[in-house]
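Paired with chain B in one complex and with chain C in the other, chain A is shared by the two complexes that follow.
Coming up: the complex of A and B.
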């Protein structure tokens, strides 16, 4: 091991080991591990490396500018965060969203979810030393980025494509076929037998087991909670947009280990593909944005009130609380990132008592994003 | 397990690679891509909406230098591409379509001064010559 790494002796065989924040396997987030030989005695999450202060920034910007800003809460699922912000403003202003816009929003949010799950698969693979999986995942993700480029005008940042009132531009002609073509390719990737690779299985099976009672106690949501055996999905429990019109299943597993969590992600890709296909079939004609928001305006006032919206994003349950005092900018915005509880209590709990070599497997199996934790 | 690999191996050997050899070939850029701005000073009415909507304050309204002052007496947008997030709100809000985002994404540079788009020089040159 490199001598320059911070290794301070604590007890006889105890050392402090820093995982992150500039470690290639941790992604702008650090965990301080107290280790005894190979075994981890305690773990302490140390967030703050990626703090950008979105909540304060949003207080000084118009809703349409905040839509652009909301991309960057988590770059891997910019469109989902766009959607949450747009829903919060819509609900405060009481705007009637055109039907077509609702369907486009669902299609884009689900594409973003697939893309985020593919990244999860990629980083999880490279974290456990399975390079093929990483290259495959990022290769197939690019097909979805091509779609984003065609529809929103940018590969990674849609810059507020899902804006208050609808979406900023209509999906171009002929994109239905292109979306279906990409979905077939993703289907092909999911079917590849990468998941049965014995080298990967030996590193992730029965690692980091999270029991259902612990998952609920520590506040896990999304795939982490579902992998522990609870059927919980905001799209089913509290449907937003037009999710109640689609027929899809919520994958659940009872094992609660790293492998189960990651298989939930793979199952969710299949469900998202089916949702997009249904949405494309039912896609109505009409306007793609409400009349008030056809052209960006500088003087739209947000009526006084407060609202909390919650959405299911790929990492779990995300929410946005917005208060307005009747001005053109929100008075207060609070963002609830799903990674916050996964990265601090759940991660600390799972790392305690595990081996150093299992840290990346546990870390990435939680599908965490430092960006939406620190926001 | 090993035997399963062989047909896949042959399939991969003769299938096209996922990547493109970038300088020689590239993925076509779709319409509506948000790249470098193009600005037409003749269409501009100096309303300043682009500077007001810009979320990053990348657009600044400036006066023309002395030699053009007679022809262009108002304030015109100077765009700092270093601050720009390419959200295209300026394009959407522009009442006359003077600012448009083009497909040019080759914007990496070693010279910081090239990231600033002056409203006068480029436009006037192309207008007079």
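Coming up: the complex of A and C.
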């Protein structure tokens, strides 16, 4: 294990062990483990290393500023969080989004989902000692970052590309061929992932089994819930943008172990590729931003009201509860990140009774992001 | 857009049972208001009727009304509807019953966060230890009357330091 450890003897064979918060090992997060020999008796999550108070910050800022701020909620899924913020403001203001903007939003959100799933594969590999997977994943992810740079101007942070009213710029000419070219590369990557490295498989099969009843009880969503046997996807059950027009499958598995969760991720990359291809084929002409937002206005009043927006991001269900009292800034914003429940109740539950050596496999199989936990 | 038959049906059912106000916002979005006394019995009923997933718990600080508004966002996998329960509690004496016996550790950790950020006490929650903030001595930071600029000036800047004096101008 490549973690920095702090040993504290409790009983004869019992001691306390820190997993994390070294960035390459666990991200900005740590778990306090109580261990008897090699077996974990109890685990307590210790979040807060990335707490930036976004919910409070947004109360002081205009929607045009919050669009940029929303990038930072999760480093790996900046565009998805952009989209959630934009949808919340759109719904409060009752703006009609042009068709073309909706399609561009879907294409960007799905590209972002693919690159997030690739990172998942990368960190899952390095967590279990398979370095090749990590390097491969980050290599292939760069093709998508090139697309982001071309379309939004930023590689990782799009600085509010998906903004209230639509998107900030139209996609440049010739993007379609480039996106399709990158998707072919990703296909290649998926084939490599599917080969199944025996060293990796031996460490993740039958590890960290989460039963369906426990998954629901602890509030798991997204790939974690689907790997435990529940066919549930916000894009299908609570459709937003134009997801109801596309034909795609929701992968489900009944095993509920670390391996099943990771396979769900790979299947989802394939489905996302198919969604992007359909969206590119049907991409309509027209405006990319609503009339009201053609020229960016600073002091727009958000009408009084409240909305709860849900999206399916790569880690699970993301939500934003926005309340406005009629001012120019939101009165209250609550951000619901999927990792909040995956990293506290689900992780603590799965670690109890497992072995020290299995901690990284369980931890990374949950597709977690400390940034959207802490906010 | 389809008609909102199932949403209206749900709202009618809840209103008849608990004598509450509510409205259907759009498809798959229903909002209801409930008193603090009826909160637990309503939550129990909803959990039994399929609202198994507690998506989030949030608090809104209505400073001018002197009240905290607690919102519980529930999702039903069967009905495919998001129901938000809103309940108001006194701001001076912010005590609410815990829903952690109903939604287990999920509710427990959401309440723990809201306790830390707004100072709301959840009766029946077994663990309200600090979650994100380490060694925090100030008031609950997400309250509307907490002036973070003033707090930072007082706690972290030195007026006599030439470079930090600008924060006092």
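Methods note: the second predicted complex is superposed on the first by the 366 of 375 C-alpha atoms of A that agree within 3 Å, B and C clash if a C-alpha of one lies under 4 Å from a C-alpha of the other, contacts with A are read in each partner's own complex, and residues count from 1 in each chain.
FYI, a contact is a pair of C-beta atoms (placed from the backbone, for glycine too) under 8 Å apart; a residue touches a chain by one contact, two chains touch by 3 or more.
Worth saying up front: this structure is predicted, and the values here are computed from it rather than measured.
Legend: residue contacts after superposition of the two complexes on their common chain; A:76 is shown touching neither chain B nor chain C. By the touch criterion defined above, A:53 lies against chain C but remains apart from chain B after alignment on the C-alpha atoms of chain A. The wider contact with chain A, measured as residues touched, comes from C rather than the other of chain B and chain C. In the superposition on chain A, contact is made by A:295 with chain B only, not with chain C. After overlaying the two complexes on the shared chain, residue contacts for A:159 are found with chain B alone; chain C is out of touch.
Using the contact criterion defined above for the overlaid structures, shared-chain residue A:29 touches neither chain B nor chain C, since it reaches no partner.
Of the two partner chains placed by the overlay, only chain B lies in contact with A:68; chain C stays clear of it.
Legend: residue contacts after superposition of the two complexes on their common chain; A:317 is shown touching chain C, with no touch to chain B.
Once chain A of one complex is fitted onto chain A of the other, the partner contacts of A:237 are limited to chain C, with no touch recorded for chain B. Taken together, the two structures place no residue of chain A in contact with chain B in one case and with chain C in the other. Against chain A, in their complex, chain B makes its touches with residues 1, 4, 18-19, 27, 29-34, 49, 52-53, 55, 85-89, 92-93, 101. Those residues of chain C that touch chain A in the shared complex are 25, 28-29, 31, 52-56, 58, 60-61, 71, 73, 75, 77, 80, 82, 84, 103-106, 108-110, 113, 117, 131-134, 141-142, 148.
Those residues of chain A lying in contact with chain C across their complex are 47-48, 51, 53, 55-56, 216-219, 221, 230, 232, 237-238, 306-308, 310, 317, 319, 321, 323, 331-332, 334, 336, 340-341, 344-345, 348-349, 374.
Those residues of chain A whose C-beta lies close enough to touch chain B in the complex are 61-62, 64-65, 68-69, 139, 142, 146, 149-150, 153-154, 157, 159-160, 168-169, 172, 193, 198, 295-296, 298.
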